[in-house]
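Quick one: the structure is below, and I'll ask about it shortly.
By written order: A, B, C and D. Residues from 1 in each chain.
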Amino acid sequence: MVAVTIWGSLRRFTDGQGQVEVEASNFKELLDRLSQDYPGLKPQIERGVSLALDGRIYREAWFTEIGPQSEVVLMPYMAGG
Amino acid sequence: MRFARPATASEAAEMMAQEPGLTRILSGGTDVMVQLKAGNVDPALIVDIKHIPGLRAITPEAGGFRIGAAVSGAELAESAGVRALWPGVVEGVELIGSTQVQGRATMAGNLCNGSPAADAVPGLVTAKAVARIVGPRGERDCLVADIPAGPGKTTLAKGEFVTSIFLPARPERSGDAYLRFIPRTEMDIAVASAAVSLTLDAAGVVIDASVALGAVAPTVRLVPAAAEAIVGTRLDAAAITAMTAACSAACSPINDKRGTIEFRTQVAGVLAKRAALTAYSRAGGTR
Amino acid sequence: MALDNTPKRVFKVVGTRPPRPDGVDKVTGRALYGADVSAPGMLTAHILRSPHPHAAIVSIDTSAAEALEGVKAVVTAADFVRQDDGSLRDVLDNCMARDKVLYDGHALAAVAATTPDIAKAALKLIKVTYKALPHVTDVDAAMRADAPVVQEGRSLETVPDGMSQNVTSHCEFGHGDLAAGFAKADLVVERSFTTAATHQGYIEPHACLASMTADGKADLWCCTQGQYNVRTLCAAMLGMEASQLRVTASEIGGGFGGKTTVFIEPVALALSRKTGRPVKIVMSRDEVFKATGPTVSSSIDVKIGMTRDGRITAAEAHLRYSGGAFPCGTVDMGAQSAFASYDLSAVRTLGWNVLTNRPKEAAYRAPGAPQAIYAVESVVDELCQKLGLDPLDVRLMNAARKGTRSSYGPTFDDIGLIATLEAAKAHPHYVAPLATGQGRGLSAGFWFNFGGNTCVSLNVNTDGTVGITEGNPDIGGSRAAISQMAAEELGIPYDKIRTIIADTSSLGHNDVTDGSRVTFAVGLATIKAAQDAVAKMCSRAARIWGIDEEAVVWVDGAAMPAGPNAGKFPPMTLAEIAAVSFNTGGPIAGHFEFNADGAGVSFGVHLVDVEVDRETGATKVLRYTVFQDAGKAVHPSYVEGQMQGGAVQGIGWALNEEYIYGADGRLQNAGFLDYRVPVASDLPPIETVILEIPNPGHPYGVRGVGETPIVPPLAALSNAVSRAIGTRLNSLPMSPPRILKALSKG
Amino acid sequence: MKSIHVSTTVNGDAIEFICAPEDSLLDVLRNRMGLTGAKEGCGTGDCGACSVTLNGRLVCACLVLGAEAEGAAIGTIEGLADGDTLHPLQQSFIDHAALQCGICTPGILVAAKALLDRNPDPTDTEVRYWLAGNLCRCTGYDKIIHAVQDAAHKMRSA
């Protein structure tokens, strides 16, 4: 299981939890599982999210591997200047 | 739009008088070109006066100088004689726009554009400068102070244009100065401005003074009460305070993107004070 | 073959300052920018823009314009493919208003004609019937329940019930127990701030030349930060296939984020399609100000608790950003970056995006961060003043470091904040004496930095030179940095390499030049492409020598036999291998494509001294020093240039730059005369101190540097001015009338 | 609208062109002569990107009518180098990384040359005020000032 930290305003779609656990070994599986387990997150995931894995930010990268001990933080998709 | 380059002033006046549509004089062009670009004027005739004999000349006359209407700011700034006699007038002209604009902009154009914030005008007004005007009915002279009639407006009649500006001789122990406030150090239009011209006696007492403010009223405003406040003084603190108060009292500015009524009113007084001190020191006074 | 994959620490080319490859073109006027090309038979187009801040378009009658001699086509929103995707639809609706005009300057029709004057005259013949609607341009006013609604039905599911429909999104970040944290504080300061919208202010107006042929193939030349994104957007709007649209990025005259989207490009394509002729559009400066991306305007509340000795116990920020008339995610980045410089046990940021009748926001250098960090760093400074603490010591005490759980969630890896703060503390600037009336301010700043999709090809020419093809417009000298990294990796001189920027048909997709990604991500791809070519060259050498290719190493630009074969053959240089490449298997090329990650966050600290004229409210910047972690500065001059340029944009934002709207909802200062970017005489030298704390995510340790420098100046200036005049302004810009007003109250 | 025939000199070459009365000198240089080195950043004299010399005076080409070029001598960025030898200012801008995007560079070089022609040894403050009409949004001006001063130094010692 991977513990995923979500940002505050998404908690209303995860029964108030700031961290949820899902079975996933990569970014794609993680997003699919989150959408499945917490349908309220789906619109945000479809709009785009970034993923911080052990402090590194990934913008898409489905097949980025996630270890069981990895720190996983969901973040809004970012665009810059 | 037609473009004309007349050979004489009377020819220029004639063609402008006969043109039924809008006409514009092109001298430095730094205002006209911007207006054309913005599309807020659509003249039928543009008259380039730079090639009229004498219009690009600076000529000593009766102890003063006659400055042709097509003399650019950069050319005026290079005239040591004018700068020595009327440093405040020259520094006002030099503040118009960038180096590039200085290569083109003229004192007469700055006057005839009719902006209440024109940098050249307060100094010319305190200098009691006289504009020579040519029109379809010949030539006339007019105090510079009487030319602006409101934002973008002048008292010039159809077909009339300024051919030169005369800066008179002045007594010994005279000095003038011009200051403006802008948010940056360059490239802005004055939010408020002040020119002071004064003459001292041998003891350093002000015997004659003139104070004019810019950007605080529909036209550049002469403030006799401010001048009176310093005449008979050596610019002591009380005189300065009285002059500053007179300046602020004379302001009737507007709120706009460049400044507030409150700001302009306060800063006009500050600038007049600082200009007066500079003019005093240029006149040889020591406080 | 063996490749050295350990982070490289001794460099030959990286870290030097060679001349940029585009230098001569740019100093001789030869470089071709957006507006500098023409085509035979070309038409010129001009765009009709709304004078209303908010109005329904009842009807548009273009018949009189079309009838004008010389007019070849008129287009309106009806000429584009309606988009299902929300963000694409917004970009299109911003290019051409569909049912409503949403801001002063919103485009709603365009005319292509044989001359610019005819096109302009035709605009006046287009009859638009508007139904004026109430408008709102202020972010706080737009949040009120009774505010005019800019667009209906745009609120995301994240927005709490009961808010104005102008609120389109809501976000929240943070961790810990705020109430407990504030209870531990000896002093809590809570303040509200506003920042004005500012424009990127690039000197080159948007320009493009589109040419579509009868078979539906098109070429588009334009100034953009991302030709691939232009292709994606335009192809969708025109209903084209990507392969049929080739987009070439011209030299770009500044972008700063503002050229990451499209405004005129789809319009030129539509007109070219309709006329069968090339169509050129060049924006005027007032169009640039009225209708291209400013940054967000903001209204922010910040509350921070601190102990007597300077420890922050809790921190909270509420951010209300308006990205104009369309939904915008910038507040998310503001909320995430607000407290990024601090190691906090209790922190929360809330953000709301709000619609107003202003132009659609476009990214501007570290989008969202400067506003939030300005507010936070101002409150930290006020706490330091009130508690009598040194502002650098307080920042050092609370600084985020490796292992800190960041305020936006992830735990930081190696970051350079403490080293940067220490460098500032050790610098003579920090202890230089100040005169009466002067003040010194400081602020930290942060940006995430991005990686992203990247594709690079590297071709070894038979004469031993190398061509690199990359896909990111060079906005600040990146071609030089990329050539340097290739030279480093290949072991050949810098001047043997020429880097060019591909059109969209010549190379795979590259994300836009944004998020400080290019030197990092394109650099990384270049290194990998070079390694790919090196592997092939080692293999060729091995075959020539008749040995196993695993037994060949690449050293100083040459293949060398290694292991058991060491010394058996003289090294073969790149040039020698290239010279016989046709005989050994054909041309040699390297390639690499990936979606880069591991960009590595960036911190900076700015110090500034100011003097305020108490009689006029004018602020003079006396001294300015930028400290920033670059990971590894590939071309230090251009790193310094980013630091200096960003700092000066921030100085402009802090002191004078702002979008000024009248009560009529119209923009009052759509020009460089009254939108006051700093001029040379406004500024002191901008000193720079580059720190190099290697980014573990890049083989040379490179971090993006471009965006962070615009973040600290806002608070640094505000803190300096506040200390100089003894009273605090909580609103930007700190224009002279505002300072004088604060002084009269203080 | 009647077109005007103009005879002028650009970078020492005699040139004739036809223009509309309202065409600016910048329009003429860019669109009729193909000299696109001068850029239009604003069209109102506020950015300096179109700086050229007109009879030796530094001006914004956007604030001059094309018709005014009759009989005049115009200098543009395209005439700054001597054949394939860059002017010391041009070389200095490359050496000092005094440009990033480069759009303001032609105007700044023309302006800086006009300064050094008049004042071969300016102070930093003089350089900054002289160039105040040339906006640069990339560099923060610092490296531009250094580049001008270094070129001035080299030209004085040449």
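A few points about this structure:
Operating definition for what follows: a residue touches a chain if its C-beta (ideal position, glycine included) is under 8 Å from a C-beta of that chain, and two chains touch if they have at least 3 such contacts.
Just so we're clear, the structure is a prediction, and the values are computed from it rather than from any experiment.
The interface holding more C-beta pairs in contact, when A-C is weighed against C-D, is C-D. Distance between chain A and chain C, defined via averaged C-alpha coordinates, is recorded as 25 Å.
One simple way to say how far apart two chains are is to compare their mean CA positions; for chain A and chain D this gives 54 Å. With centres set at the average Cα position, the gap from chain A to chain B is 67 Å. Centre-to-centre separation of chain C and chain D, using mean CA positions: 29 Å. Looking at chain A, no residue sits in touch with two or more other chains. Counting partner chains per residue, chain C shows two or more touched chains at residues 200, 256, 672-673, 678-679, 681-682.
Shown for chain D are the residues that touch two or more other chains, namely 1, 22, 43-44, 46, 129, 131-134.
Pairwise, the chains that touch each other are A-C, B-C, B-D, C-D.
Residues 120, 286, 615-618, 655-656, 660, 668-669, 672-674, 676, 678-679, 681-682, 735-737, 740-741 of chain C are the ones touching chain B in the complex. The residues of chain B lying in touch with chain C in their complex are 38-39, 181, 183-189, 191, 256-260, 262-263, 266-267, 270.
Those residues of chain C that touch chain A in the complex are listed here as 156-158, 170-175, 200, 256-258, 260, 329, 332-333, 336, 348, 350, 363-367, 408-413, 447-448, 450-453, 514-517, 595, 597-599, 697, 707.
By the touch criterion given at the top, residues 1-2, 4, 21-22, 24, 43-46, 48, 51, 54, 57-60, 62-65, 67-68, 70, 111, 114-115, 129-134 of chain D touch chain B in their complex. Taken together, the chain C residues at the contact with chain D in this complex read 17, 19-20, 22-24, 26-33, 35-36, 38, 117, 200-205, 251-256, 282, 284-285, 475-477, 635, 637-638, 640-641, 644-649, 671-673, 677-683, 685-686.
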